[in-house]
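Across the two complexes that follow, chain A remains constant while its partner is chain B and subsequently chain C.
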Partner chain A sequence: MTQSSGQTSTQGSNLDLPATQATPAVQADWNAGFLLMAGESYPENTYEIFDDIISWVEAYLTGTDRPLHMELRLNYLNTSSIRAMIDIFDRLQNAADAGRELSVNWLYDSRNPRSAELGEEFKEDYDFDFVISAVGD
Partner chain B sequence: MVPSLTTHRSLASLRDFFSTERILICFNGPISRTLISEIGAALKEHIESTRDCMTAAMDVFSVYIEMSQNIRHYSAARGYVEPEATATVVIAESGDGHYFVFAGNVVELEDGKALLERVEHLASLDKPQLKALYKEQLRQPRVEGAATGAGLGLIEVARKSSAPLQCSLDVLAAGRAFFTLRATI
Partner chain C sequence: MSGSTPHGLDDNLEERVAELLADEQYADHPLREVLEQVMDRMGQQLSRLERITQISDRYQTGAQERVLHISRRYDRQIRKLEKAIRISDRYQAMLNDLNKALQEASTHDQLTGLPNRRLMADRCRREDHRSQRESSTYSLLAIDVDRFKTINDTYGHEAGDRVLVELGQAFRRGLRDYDSCARWGGEEFLALLIGADLSTAEHVAQRILETVRSLCVDLPSGVISPRVSIGVAEHHTGELYTDVYRRADAALLLAKESGRDRFLVAAPPTELEIQTAAQLRDDPPSA
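Presenting the complex of A and B:
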């Protein structure tokens, strides 16, 4: 299930984790300054997936001064995953406060308004660029 | 009442009971993380297939996941093994477009009493109050292995519910009790 939990991201590394039933697909591209998460996240223990993501974000934010763009296509997060997302967003906010160029693009399935509401509840707590848009019919 | 399952007739009565109560899925026994996911995925797919919008499916799924994971976390924190480390979960249609999610588990009597109070408090709050409490709890430091658990997850369950949460406690032997939580989606 979990292939690489607990690893510390090294400078310049990428992440490419396939989605599982309870964890989203994750792709992090160091050179592009791009992080994608897509799917649903409700693992019993969030470190299974979020430790890798958080350490990648930390490594990127401390190892470069380039922009970071996140694309989030998350249909559902359990409350532990919501907490873990906040750990990521707090780091982004700190970087934004220090002048970093950052953006979050939250994309939700138009049939799933709950995902839009989830995005809105994150967005209201931060002041970096956070765009929420519907995809699909 | 369902008679003993020693005859084939009794399975038919069990089926009748499920049908009358509009039970979609029920489970009683040791619940693994894989089983939680599999049941949840089947549940979500079923509800989605009957509706144009995913909202009901996502709300029932969310409540089911939080309740089941709360039970798993609680059993682990208390070091329970079978038969205590089991869950009873029932998801039913109300007949008027709503869904019921029931989840029950064995708890220490004192924990059960504290849970009753907590659920009754949550049941007394309106949606804006629940949101404020949720945001506050989100920022609280995590307490790993906290015995009562049921912090943020329980607030989330209350937020997704269309009616106040209901709960009960049936006292068992040896300082334990069976706690039942019912959410209406």
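Presenting the complex of A and C:
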């Protein structure tokens, strides 16, 4: 089942948004408890894409008590996208505080080690499992 | 002064009225009943006033809590935005650096680190403009590695690459600070000598030959002592760098043919050559 843009996530739905020039590819698998975001994010209207993602995360966190694993391969984020990512991480932290098992894997291109520092900046305020690792080309 | 009773009444007055009302000798006094009613009504009014005060206090406390709550939320949002801005600044710095690296990659030769043909052509065009404005001069050295194919065939391409890198460094050592040398093609280099007339250019060409002659490239498969040939040409009024280069390249060919490991100076352009070049520029042949 594919969630199209602009709708509110319903229980048990998946997300499968292909990458565009200004938005990352998004895959959310309800049954696997897995959310992947890969690419660059600088859309004119951040909410176009992040509304879907945030409502999926909320639906998953309220609709299940299973673990959630996030994999992020984000090469570039504009300021609004960064803010939206912080919103997502804040929700994860609230869930983690309530005892939810969560993990975030921040993957960066080994040719661009400064991207690791960006992961570190995001990670700073959270105490759930947040791993930063390099991937080769 | 009023006392500290809840109703804020004078204790004595209230007590005295109560005593008088209780006194049996005034039981039939016409004012007694009225006074009793006044006291009763006053008590009700005071307790109502007290309730209103309590409710008002509660509202005030609630408002204070709300303000506190809003200001906490506001602080949280501010911190979140500050974090977003901090990360965004980092992204921008990263992009800026990547941009510089891309620029470097598009203007420099990856192997030797020397300016590439594109950057050198820009610099030569700048000298063309300058020579028009200030009637200054410049010279070009077309430099080619002698028997480079043999080096590649004998020692392998990796060895050939090492030779190019070492030669690039040698050329830089042989040049003046404000001159530049580019990798122009495979084993061909082009040096731009700003403000140099022929005699200066010959001097620099000789120094480059000597620097190269003292060069030994140490390789696992043996030691290579590369040599180069150089064609030298000075810019003449009316010429563009492409014309100067053509003459330098012709001189380079002659240097190769006359035994290599030497430089030769190009003949100045003939009047006809200058006119033809100018004509071609003004009225290029249609494609």
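Here is the rule we use: the second predicted complex is superposed on the first by the 130 of 137 C-alpha atoms of A that agree within 3 Å, B and C clash if a C-alpha of one lies under 4 Å from a C-alpha of the other, contacts with A are read in each partner's own complex, and residues count from 1 in each chain.
Everything below uses one rule, namely that contacts are C-beta pairs under 8 Å (C-beta built on N, C-alpha and C of every residue); 3 or more make two chains touch, one makes a residue touch a chain.
What you are looking at is a predicted structure, and each value in this text was computed from that prediction instead of being measured.
After alignment on the shared chain A, the placement of chain B and chain C results in a clash.
In the superposed model, A:126 lies in contact with neither chain B nor chain C.
Looking at the shared chain after the overlay, A:47 reaches neither chain B nor chain C. In the superposition on chain A, A:21 makes contact with chain B only, while chain C stays out of contact range. Applying the stated contact rule after C-alpha superposition, one finds that A:34 touches neither chain B nor chain C. Touch criterion met: A:113 reaches chain B, while chain C stays clear of it. After superposition on chain A, the stretch of chain C whose C-alpha atoms clash with chain B is 98-106, while the remaining options among 98-106, 152-160, 170-178 or 224-232 stay clear.
Overlap of the chain B and chain C contact sets on chain A: residues 76, 78-79, 82-83, 86, 112, 114-115, 125. Across the interface of their complex, chain A is touched by residues 80-81, 83-88, 90-91, 94-95, 97-98 of chain C. Note for the complex: chain A touches chain C at residues 76-79, 82-83, 86, 90, 112, 114-115, 117-118, 121-122, 124-125. Residues 21-22, 42, 44, 75-76, 78-80, 82-83, 86, 109, 111-115, 125 of chain A are the ones touching chain B in the complex. Per the touch definition, chain B reaches chain A in the complex via residues 33, 36-38, 40-41, 52-55, 58-59, 61-62, 65-66, 69, 72-73, 135, 138-139, 142, 152-153, 156.
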